[in-house]
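You will see chain A twice below: alongside chain B first, and alongside chain C after that.
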Partner chain A sequence: MSHAHRPRAIDGQAPDVFSRDDTVPMRQFADTDEVDFAIVGTGCGGGVLAAKLAEAGFSVVAFDAGAFWRPLSDFASDEREQEKLYWLDPRISDGADPLEFGSNNSGRSVGGSSVHFQMVALRFRPEWFAARSRLGYAIDWPVDWREMWRYYDEVERACAISGPLTYPWGPDRGRYPYRAHEVNAAGQVLARGAEALGVDWAPTPLATVSAPRGKSPPCVYRGMCKIGCSTNAKQSVLVTYIPRALDAGAEIRDLAMVTRIATDRQGRATGVEYHRDGQSRFQKARNVVCAGYSIETPRLLLNSANARQPTGLANSSDTVGRYLMVHLNDAIWSVMDDEIRWYKGPPSMACCEHWNYIDDHPDKDFDGGYAFMSQGPLPTDYARTLVTNSGVFGHELRRKMALYNRMAGLKMVGETMPCADNRVTLAEETDAFGVPRAHVTYAHDDNDRRMRRHARAFMAQMLEAAGGRDLLETSSTAHLMGGCRMGADPETSVTDSDGRTWDVPNLWVCDGSLMPTGGGVNPSMTIMANAARIADRIKTLCASGTSERAHG
Partner chain B sequence: MSPRFHAPYPGWDILDKWESPSFNDITRAVLRRRLTEVHARRFFTPAEWLAVQALCDVVMPQNDNPRPVPLADWIDAALHEGRSSGTRHADMPSPRDAWRQGIAALEAEAQARGADGFANLERDAQNAMLRDVDDGKVSTEHWHGLPPQRFFRNLVLAEIVAVYYAHPTGQSEIGYGGPASPRGYVRMQPNRADSWEAPPGDWPDEDTP
Partner chain C sequence: MRPSARNTRNRDTRSAALGIGALAILGGAAILMQRRTQPKPRPKPRRKLRRSAAIMGASMLVDSAMEHFRGGFHNKAMLAAPVLAAASTLGATARAPHMLPVHATSVAVGAAGLGFHGYNIAKRPGGFNWDNLFYAAPIGAPGGLAVTGLLALASDAHTARHGRMLAGFTALATLAETAEVALLHFRGAWHNPAMYLPVTIPPIAAALLLEQALHPNPKTRGAARGAQRLMAAMGVVGTGFHIYGVSRQMGGWHNWRQNAFDGPPVSAPSSFIALALSGKAALDLMEGAP
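Entry: the complex of A and B
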């Protein structure tokens, strides 16, 4: 069966993700059990937190609106079929530069967006955690970079990242757990261009194994990572932290959409209302954690408004939903003399962080940084980029697509500035559960435009230096960050540095929406490192009696 | 712009690998459905249908395809099933309403150009008209509340290519490797291909300046 319409984690069993149709035992809780933690979302934030809290002995139920897949039997080599991994319920997209959601930035599965992410596993530059005080833009994180770097070590080990022996940028980092993959032809174009321009490049650290690991075989370079890895080489949250969470006694509730967080007369969270298998239910909990990512976490908090908090839960600062960020994702594509066949291997096997680590340069006319990577889009993905950016159709379209195997591309991941007006609110229209749809407003600022211009020029120069011709420029955005940012000041942030909301002591956020700034690298490792850190903070707070905790 | 289309990989058909380790059960099941389950029209009206088919033909001319991909049928099916992309632009109606309005607007635009409807325009006039729509050079009231370029690029073009290049015909034409699980690829170097990939391609008309 290709679609999971009914929950699979039931009757004390959960899918064994390494099997075609087996199960593993799962501890289960009753709705009336007051569990220590009800976690909404099981992606990079929620999945990591669920595993670590369960391992620390807490009782945990983690909900996901998406299905619990067994990649070996559920994942087809087919872009259209695999849309089942994305959050396809419409969001209203508004503003001067409206965003694209769905396959562009939002997953809906146990394991979250990591099930279809492209596995690029980069770290923030240390200075970005103090962007305001050290670089003069945006805002500081309420966390020291050294602490974050320790947690990058932890999550990189947990995901067995394959990476180069030495990484050209930033402070020394230890060896990556697995050796780097052989760079494919598409990545070699970036390497050649970088060498011609005299800047560093690196084989991209990737969350797919280059040698066997437990039940994961090494990557077979089928290149369909963005539509789900059918071999389990990819070290997504689904095959790393979720099995750990189950082992440690957490319950995962798949196809369970949380619609509201309930509160008592004192304004404390008491549990979550959710829908599963046609039923409307309520799970009691001592603590509730929002981990639904930058659109759904604000949406849930806003929809949980009550008489005492009429503008949304934990929203006394009016910051819930604000400071939403994306990455600039503009690209340059070119025709090469060689047959590249960029469909082979993970899509981004070579990367360049040159402009992330440069502050004073006569050419650098923007704040923040950007990285860029080699590309390998699947056919419909590339075709959509082509037509939506250029409007090409007819024989000319077929001719351009017939150059598919000769194309190479460089695509940026560029930092945008946190801006209060880029935000999630609730629309009038409701979804099938009666929850107002998310209304998202987004506009770029001048800094974004300067960075985009700079990156396009630099990437074009590099592609030409590598022998590319007939350049095509395309524009887009990727990733979501912010929307419920953490901070040092309750007036301007939703949570403290532990992810605990300032307003409700037993309500937490633990996902990409916490990020105060976006950095110039793909966000998942930062989200996971932050979640791993928050898990340890919760353990410490509970040990010292400053947080809710059950006995057992 | 070259008027004709030369396939760089004549004879390459990813379906020839059906029984090979490049295909697994779920992929076979999905593609079997794609190739056999073509539904009769359910969403568009008979009058709209003519225009939709003509539109697909202009956007993706398939006169040289022995097995043309039934593009209009798949678009109809997706609209009938209410398939969503996750995004609704605030300045756009829902996909169903946008398609109905957009088709009516294309018909009106064609009539303003002296034809009965879009399907009856000469091919050159159809091309010219779609380029005008893409440029926002439209003359009828029917576009009110429907940005022509967003309709044309994000709905029409994006949906047509999503169907065409998800189909083995479109994928084989560009020399894509096709399904690749459990067997992936071994040769990662430029100009190298595994024996289960398309042989080297040929682009006779590529060097247009």
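Entry: the complex of A and C
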């Protein structure tokens, strides 16, 4: 096992992620080269964008504060060791419902949070892209769902998603590149419960292959997904788009923390200040893209304030950092008569989107939707859930953990409403690089509470219908969305539909923070599809010579 | 060439090309040899059928023993398949007398197994849907045991009429086997283009054989025979592919204790060799060889 303390992508070589210790050639740029794009963050947004822009012939340097792992030799089957994948730098969290950060929502690695995500690969419901005009809540996306649907196709192919042949909800989505995996016992609990209640269920579309794919062997169902897959069956950005970016001539700078975006007197971005290997450096760039996710992207923009934009870069609308969203992640757990061994296989092999596709039902007393999935937490993770939620300890905790192999659970991914006061600001306190820490304020609203109540009752009913007993409820949140939302109106959004900030024509955002609404499904595919779309938009804008938009 | 960072771009075309090349050489040689050895006396149909039953039985034995072992033999009836496959295989190879009851039991148990496997699929949530067809008890597999028994019983065949019946039966068994392969290779997302071979060659071989069964025609019999030889060669090459397939699981053959179970079943493609032998025996019988 290794912790990467020193950068590995150096001297014209980058780690070969399909090997234990090999490298592959990498093009490198000097700090003084004015590259076409400096991208901050290499996750679902930045990784996809870096690959597609490099493939289109742009010069690209992509920075990540995290390490460049080789999963085959760097990842251990050990929950403690693998905490190296998370963004654990302190953030100040307050508000009526302070958020927890780290393993549940933020990664720090080349490949971003996709290195440790749980691979659930769902699409938004089409109507959510027009939530305000078609469903009467929140706000519309500045993008048509059909366009997004095409890009879902593209990224699902790129990640060889394994999914069912027919998906019960929403418009037809063609055939997933790989067949669905065999649903494990934990997933069959959901399936039995759903059949007993007469609602649809499906094997979850997952970003891990069910048959060989080149150098990726098929999934071996050991269930270590959340702490990083050590076989490369998982089709994370690290093994899909990052190698593509390298092949196309992008440079990836690992362990490179960007602290500030520099601007000239006209207010245009000129490059990024960053720290790497003990040095402070500056990379010149024609365009800068923020792709650090919902906390770090706003933090970077706020910290890059200048004389002309004293409240933060691209923040004339005072929207940077606002409309931060999470997913409600409440769960119901129960003891089953049969042995389940829920740790086997990816953690969420069966899903139910029933309440995402229902609008008029006497029982539905909330806006937005929620999905839920079967569960398979690793032991420490589950113990932590028990302790933080029910305060059990000592003998009682031991008794509860002894039931580990007979447990089943259902966990929701519930849409929260975008709210201006849920936001990221800068704290007084600074980090090791002297950058003010992120200060995150969060409160749930009544809609969240109603949805949570509804989901808990429904999931409990389903678990009982599947034969579960001794039900236990737990509460948490997952995923981050918004914080630098895109929109049609410069007064209420940070960027236009292309991810270009309204205020600075050569500054872009391309990650989960663009999302105007959160939807009731896990966000990675939507972030990737949006990034793939933005890459094509940038290509079109450059080809037509309109990349220099005269606004702001 | 600059080494590539990315995963293999396309399907595994290199190994597919190698395999198809091997098949062309092997299959071509088999067909050419058929022309040359024409005047020499062929092995008797009876011997071919015994060999066919033995190969099919051995394939069934390995497959059912491994799969039912993996299932922990949690139902005692699961022991029946490997035990009978072993008995029928031994009976066929050793030319043991009085084996009729054993082979007949194989047929009966194989048929019953189809019911068991069907029940296993139906009882899962979702019933007869794609996912259960992929992953529950394989729907057609027990048929292989029944086919073993029938092939062993058929080794007494000696008339041209028997030959026609055997040709018809073999053609249908080949089509059933093809259907099973199609299902499982579809599950594997056809990740290697060579996975299309066993759903292409066998139906052609079966069609030519079926034609002989329905309208015996000496003029096209050579083609039918050639197709059987090609199918047998495909069984050999397919075994190679499955061995390679196991190596593509995490840990490859070093981790054979897991991967021999989780990878493609190495014993499966040989069933096409068995069917090809039976097909050739049928054609021999039709040509009047006792």
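The rule is simple: the second predicted complex is superposed on the first by the 546 of 552 C-alpha atoms of A that agree within 3 Å, B and C clash if a C-alpha of one lies under 4 Å from a C-alpha of the other, contacts with A are read in each partner's own complex, and residues count from 1 in each chain.
The working rule: contacts are C-beta pairs under 8 Å (C-beta built on N, C-alpha and C of every residue); 3 or more make two chains touch, one makes a residue touch a chain.
Owing to the predicted nature of the structure, the values given are computational and were not obtained by experimental measurement.
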Partner chain in contact with A:R6 - chain B first, chain C second, else both or neither: neither
Which superposed partner A:E182 touches (first chain B, second chain C, both, neither): both
Which superposed partner A:S210 touches (first chain B, second chain C, both, neither): second
Which of chain B and chain C A:P164 touches, first, second, both or neither: second
Touched partner set for A:D16, first chain B, second chain C, both or neither: second
A:F75 touches, of chain B and chain C: first, second, both or neither? first
Chain A: partner with more touched residues, chain B or chain C: B
Common ground on chain A, meaning residues reached by chain C in one complex and by chain B in the other: 182-183, 188, 220, 231
Residues of chain A defined as touching chain C within the complex: 14, 16-18, 24-26, 164-166, 177-180, 182-183, 188, 191-192, 194-195, 201, 203, 210-218, 220, 231, 233, 239-240, 242-244, 246-247
In the complex, chain C residues that touch chain A: 2-9, 12, 124-126, 130-131, 134-135, 186-189, 191-192, 245, 248-250, 258, 262
Chain B to chain A touching residues, read off their complex: 1-8, 22-27, 29-31, 34, 58-61, 83-91, 94, 127, 130-131, 134, 149, 152-154, 157-158, 161-166, 170-171, 173-193, 197-198, 200-201, 203, 205-206
Chain B-touching residues of chain A, taken from the complex the two chains share: 2, 73-81, 86-95, 98-104, 106, 182-185, 188, 219-224, 230-231, 335-336, 338-341, 343-345, 379-380, 383-384, 386-388, 391, 393-399, 401-406, 439
